[in-house]
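Two complexes, one shared chain (subunit A), two partners (subunit B, subunit C).
This part shows the complex of A and B:
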């Protein structure tokens, strides 16, 4: 099971649509990190709307992935976390999920664009003079 | 009132079985009339415990049963293995304690998610029983 990674200019969009096994999750992590490096992505949005369970393992995979992406030099936003998943994660332990979050992909994209612009990196809008 | 259902016994041998077990737990939870929050709590708890089985014992099994009576709705899950056991239970139940470089959130987190939590462990046997309970 491989998760498709969509590219929009230099932003990558990933929507996790199935309940991942641990192996799928690791595959997803390495696929994404590779793509980020390959295209020197400026931002990554990870949509987890379809995940109805995020246990401590999955939380770690998401956090690690986000940190790896940041280390490479890209911004990252997680979006679409289900209300009951959020509830469960907080009940299990504060701070299990440490990445920045947004309600949906649209918002995540706005956040990414804002941050990329703030970094002074305007490549994705194709404007060299700003 | 419907008759309690027979317990369901699922093997836990691979990470795919972890997914199957948490689905089964969620399904029965829903069938017994628990809400979405409880379904998610139980599925997450089962996921944590089943993963521990794979990680520390290699394999084990998961029993899911309807423990309801006229006074309360109850779903009970027992997850057991014949692995090395847990030497210090108190330590294992402490947030952040992990022998595998994990977050150490599995057992203490699971305990907070459920209404009943029991753990017995000795070399050669670990058994965790959890339950969600709702008064009728």
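This part shows the complex of A and C:
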């Protein structure tokens, strides 16, 4: 299955609901970077609220995806990490390094808006109150 | 596949990306009404940007879903109807009656926020600027 990518002005929202196979992950990453490039997205929120378990493979996929998006020049916030997931991620010795985290999608959007505002590129953001 | 339901404070976002089978549609509708009830959602945005074709079955599913959500007491806005889809829906004699439409997800959220504000129930909305 393909992971839906929602667009809110120049911010993209993705929600990962299930463990991804290798193919799913590659499809997701290419869909996302294409979409970021196509709309020149300013930020991406990756919501993993629905994941009760994140193994080291999924952690790497999420981390890699965040880094790809950042290379394109967009801000990334990961949100919805479950308490048990946070616990196991650290115990496995793998944090979701390199990306900031927020409690939920609402807070992730606020965080992205704040960072985008700091950049000064508010051409499409200010008016619409993303 | 299950359709992901994203939560932004007390507004839910769903993006329908593919034609649904009977089972998918029932699963989607039960997932959505359960989620609306669970968080006492104030609004739901149904994004169909990804659908290039909407046949009469899909139109009915979307319309029924919107009506279910409304029965629970939440506002509904459908967004992202493609120009060609709008054309064929009217030619088929089936509009997405009963639900308001918005150009994109950003505008749908604004519309929902406006309606929710009018209701006066801003307990969870005001502070967070949903």
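Some observations on this one:
Rule of thumb we're sticking to: the second predicted complex is superposed on the first by the 120 of 130 C-alpha atoms of A that agree within 3 Å, B and C clash if a C-alpha of one lies under 4 Å from a C-alpha of the other, contacts with A are read in each partner's own complex, and residues count from 1 in each chain.
The working rule: a contact is a pair of C-beta atoms (placed from the backbone, for glycine too) under 8 Å apart; a residue touches a chain by one contact, two chains touch by 3 or more.
Quick caveat, the model's predicted, so the values are computed rather than measured.
When the two complexes are overlaid on their common chain A, residue A:109 makes contact with subunit C while staying clear of subunit B.
By the touch criterion defined above, A:47 reaches subunit C but does not reach subunit B.
By the touch criterion defined above, A:17 lies against subunit C but remains apart from subunit B after alignment on the C-alpha atoms of chain A. When the two complexes are overlaid on their common chain A, residue A:30 makes contact with neither subunit B nor subunit C. When both complexes are overlaid on chain A, the residue A:67 reaches neither subunit B nor subunit C. Within the superposed three-chain model, A:4 lies in touch with subunit C and out of touch with subunit B [touch as defined at top]. Residues 14-16, 18-19, 22-23, 26, 36-37, 39-41, 43-44, 47-48, 51, 95, 102-103, 105-106, 108-110, 112-113 of subunit B are the ones touching subunit A in the complex.
Subunit A contributes residues 19, 21-23, 52-57, 59-60, 82, 84-85, 87-88, 91-93, 96 to its touches with subunit B in the complex. Residues of subunit C that touch subunit A in their complex: 1-4, 6-9, 13, 15, 17, 47, 49-50, 104-106, 109-110, 128-130.
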